[in-house]
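Across the two complexes that follow, subunit A remains constant while its partner is subunit B and subsequently subunit C.
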Partner chain A sequence: MARGDTPMTRWLLNGQEVENPTGMTIMEAAREHGVDIPDFCYHPGLSIAGNCRICMVESNRSPKPIIACSERIADGLEIKTDSDVAVEARNSVMEFQLINHPLDCPVCDKSGECILQDHSYTHGPDRSRFVEDKNIRHTKELGPTISIWGNRCIVCTRCVRFCDEISGTGELCVVERGDRAVVDVFPGIPIDNAMAGNTVDICPVGALISEDFKFEARVWNMDRRDSVCGGCARGCNIEVETLDGYVKRLLPRENLEVNDWWMCDHGRYGWRHLYSENRLTTARTANQELEDDSATSTLADFVSRAKKVAFLIDPFLTCEELSLIHGLSSSIPDSIVGGWLPPKGTAEQFPSGFTISSAKHPNRRGAEKIFGSKVFGKDGKDLLKALDSRKVSTLIAFCGGPAEEGPGSSWSEAIRKARKRIVFSVMDGDWLKGASLVVPATAPLEKEGTWINEDGRLQRARSCWKPGDEPFCPELVRLQQVQMACEIRTRCLSAAGVFRELAENIKAFSQHSHSDLGDGGLPLSRRRARVDSKGGTR
Partner chain B sequence: MANHDDASEKQDETRTGTTEPRKKASFALPVIKGLANTLAHVLRREPNTIHYPEEKRTPYPGYRGEHRLKRDELGREKCTACFLCATACPAFCIEIVAEEAPWDDREKRPRIFNIDMMRCIYCGMCEEACPCDAIELTPIYNIPSRTRGEKIYDKEKLLSL
Partner chain C sequence: MAQTPSFSREAMKQYKWFLSRYPTRRAALLPTLRLAEQQFGELGVAEMRYVADLMKISPAAVFGVVTFYTHYRRAGTGKFHLQVCSTLSCALRGSEDVVTRISERLGISPGETSECGLFSLSKVECLGSCDTAPMLQCNDDYHEGLTLEDVDQLIEQLRSEASQGVNG
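Up next is the complex of A and B:
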């Protein structure tokens, strides 16, 4: 168990001698050995408060049980997590926590993922001796997206510490004392920082409720997929929760290399356009709507007969889709490729180190790796010029962003000058009028593939769609079908298969594969140790 | 039977020497009893069948027929859209969409509450799961319809039963 030069402490956990790095808390150390100590107020990303007392364990150094979240391990320390004293202590704390907690689990949005529910089931007594009336505390809006249901609050102060330490905005505080204590905001200062949504996630009970998700679904009915947020170049790791194939909410997923435990509200609530009225879901030519299959064959027809083709790519496309576009463009002689970038947004940096990127797109780095670093710069300008001088006869444009006006004014004008234009777009808008072929495109959250974030980390995004229940053919498949029609491909592959081809063709990706990336992704320049030993490093 | 005492069995065998053949069972008496029962039914005056559409049988207590949603003393639906019935349902025939309740004492109520009676297996699990005593299975058993669509009961229909 020796970890380099880290000094180690030997201590006794439930009668077994164990070793952990010196300075660890009992709770963290015990969890390393697979012993779970329950918690409410403890969160690995926040400071230690030690106010919920559920993590009490028996120690040989103290006449009373001690709290495992704040006490640190020491040589010769003997901790029992399941002795009579510890069990009794936990039992009493649970009974105490439940004194004023209402039994409204059936209407509470947290139920099913509530830590209080879980601990009550595992550690709590099966009945309460409390006969007095329960306290009533306030239910009110704390900000535009968050409400508090005070009766449910157990005053763990996770949310208060989050606002103090992580977002650094300090809107929340605990008001009143004793059993009337409850979380509140200062008068006239609502909680509206860009990370506020995280307070709902870290609330161990259903006290903080997201207005966006309120009464939307019960959590046990939803499907979860690990994915990556496409809202900015940061690429926060997220969990996408869907009900019947429709996104219901996004939650952050722990990745200490990228986003710790958090995500920003822009990403969290930035999926509503997927189901807006102006979402493009059917393909159409200039004068008629098309079935999904005939859209693909029409597209293949255009591509195979085209001369002087230009491709306009966007930074929302995955590396796999870009690889397919690369395959198509290199099979057509004299084709040119340029890229457009959405306008810059505001960047934000929080005291904890969490950053929101000003680049509001997920995969600029990936496109630059595949098409060269000038694809959004000089190549883009060249393409714009070529369009302006009407040198392009067929343009295939991609617009995966949430904006209805497409790639923006200068591009929209230029695109109109192409004789035939084929547009893959997420949203329907005026700029699509007169296009020879409009094809519905997948938005971030619907794409299956990989993105490279601004730090050069290759991460896997997964589609929220139910397999076999896709509303339309995703580009990943459609582009392969077009390649098959153009006879430069023999069979249709999955995202992992396309990535394998990409790794063969483009040096930057050669060390990676989908299975290698795991849940948290890898820096593009580095690969796993396992692979290192086989083939050497670059 | 697994814990049969082998030692005592052996002792029995040694005492009797051989295992005796089992006594032949006499079926005569039960057969006569059964025939007597049949005869009694044959000779009974009133018939067992009823003239169904005109006459209706009263179901036994606990009979599980069509569902209904109950109302509270103010006439509002009792259901709080907690989805426990839909969760308990083994046939996945309950569809609920929740909305915010307009009343002060209640937070949530169903905007849509559909039961697909064609899919329902009338097991009564929904009734058992309900924490608000809002859904129950009535003794109504004559439930034909002309179309399948009619058998998907919405909230209004369930409340009116």
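Up next is the complex of A and C:
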């Protein structure tokens, strides 16, 4: 089992001879062999603290059990994870951890995904010998989005290390000592950084609570779907959790090529507009609301009879949607295509290397691959000019962003100069007044398809909608129905099917398919061994 | 105490000397805090912030260290800080009775300061004087092998010191 030139170490794990790259910790090495040693304070993205002691195992090199998260493998080392010594050690640690723990799982948001709960079940004694009073620690706000329920804190310091090492903001500390120790902030300096939400994810218990998610759902009732954040061009891998088709929470999903174990708070909390009052969910013409079906036929009608057509695309559209728009535009002689971009935001880089892009949209790269590198540049300007000089009579515009004012001032003016305006929009707003047809559009979390992030990585986003209970027809389907009405398509395909067509038509995509992108995506330019991105985000 | 705390030239020299004695800047935090305590009289929010800025470490990290140790003088501590050891040897030799006695005599519970501002009472971890348990530390002095009478006497003595203006 030699791995290239990596030097290997042979050691004994539960009586079996095994091999791992030299220098690995016992915990990581054991996990490679499917032996799961429990942890609280260990997190693969943080420095090793070794303070919780739940990972103790028996070693032939030490009279006492040793901690597997910090001790490294060595030739001839013999480790037992299930011997009496190891089991007894874990049992005792669990009993200690629970001495002051309130066991308020029924009202705790972490319940169901709590490591303390899991380990208590697997490794703990089934009752406590502690008859004294439990001590009380503070419950308080630590910042605008996070509070601490101190009684639950097991003082693993994951959150403190996160703020020191990953966000580099250092707002958290452990105050006091012994059984009074608990996490806190310096008086007057709240935890308020763009990565703060991650501390709640990595807290192994329900001590750090997200005000955004507090009492919102029991985790076992939610559906989880692997997806990608559309908040910026980084494209963090995420899990979208929904209850009855409504988003309740976003969590980062491990992808060492993109976002490690983290996501930013802009992305994490940036989905409320999906359910805002000004969300557009029904289609309408200039004078009446339309049923969803007739919106499609009206649209098809417009398109088939249109002359001097222009398409205005945005960088929120998936490659699949763009491919369908491309199909339509190529079937209409002399149609022109240009794109608009939302204003640049601020970029942020953290000491760990995690970056938030200034491009607050997910798929500029994809649009440029399909419509050419000038689509948001010169083509956009040309389209603006054409609109200004009234050379466009039918405009089909897309606005998938969260802004209610649409593509922004210069565009909103110009768009009005097209005689017929068909607008796909996520949000309703004044700029839509007088449009011939307004069609509800899917927002990033509602799309099935692929985006290309700023590093050129092709990744799959999945819709949060409950299948069979879609609030309206997504563009992926609607655009295909229009194509069918225009007789340039014979049947409606899934996102994977549309991607297949894209891969046939546009060379840049030819090496890829949905299935080989897996959970973690691939660089567009290169085929690579599939990155295994399983392993959770705790 | 000045509005914005700041080390005197002399203290700054000493701080620099601390830095030269430790491998990392952070390692010099403990003596620097002690120095700050001597300079400023106590360690409150402004003082901890000053030390954090001076040493370029996060205020939270300083806060964590100051609260970890019971030995630093936190803001609002009375003139006499009675720190009763409550760890094993002292506990076995009756430290809980010592605490109760002080509480009764002064009308304060551990963690509180008397209204007159003279006394603060805390229960602390082992002070390294287990052979003379039970014991307490009052400001910089140890009082060992305590009986309840000793406790009463100590309080009387401190009261009279205070009224005569002798520094404790």
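Quick note on the criterion: the second predicted complex is superposed on the first by the 527 of 538 C-alpha atoms of A that agree within 3 Å, B and C clash if a C-alpha of one lies under 4 Å from a C-alpha of the other, contacts with A are read in each partner's own complex, and residues count from 1 in each chain.
We adopt the following convention: a contact is a pair of C-beta atoms (placed from the backbone, for glycine too) under 8 Å apart; a residue touches a chain by one contact, two chains touch by 3 or more.
Note that the structure is predicted; figures quoted are calculated from it, not measured.
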Is A:D260 touching the first partner subunit B, the second partner subunit C, both, or neither of them? neither
State whether A:D212 touches subunit B only (first), subunit C only (second), both chains, or neither. neither
With both structures placed on chain A, which of the two partners, subunit B or subunit C, ends up touching more residues of subunit A? C
Report for A:D201: first if it touches subunit B alone, second if subunit C alone, otherwise both or neither. neither
Looking at A:F186 after the superposition, I want to know if it touches subunit B, subunit C, both of them or none. Which is it: first, second, both, neither? second
Once the shared chain is lined up, is A:N221 touching subunit B (first), subunit C (second), both, or neither of them? first
Does the superposition put A:E321 against subunit B (first), subunit C (second), both, or neither? neither
After superposition on the shared chain, which partner residues are touched by A:P106: those of subunit B (first), subunit C (second), both, or neither? first
Residue by residue on subunit A, keep only those touching subunit B in one complex and subunit C in the other, then list them. none
Any idea which subunit B residues touch subunit A in the complex? 80-84, 86-87, 98-100, 107-108, 131-132
Subunit C contact footprint on subunit A (complex, rising order): 163-164, 169-178, 184-189
Please give the residue numbers of subunit C that touch subunit A in the complex, ascending. 45, 48-49, 57-64, 67-69, 125
Along subunit A, where are the residues that touch subunit B in the complex? 104, 106-107, 214-216, 218, 220-221
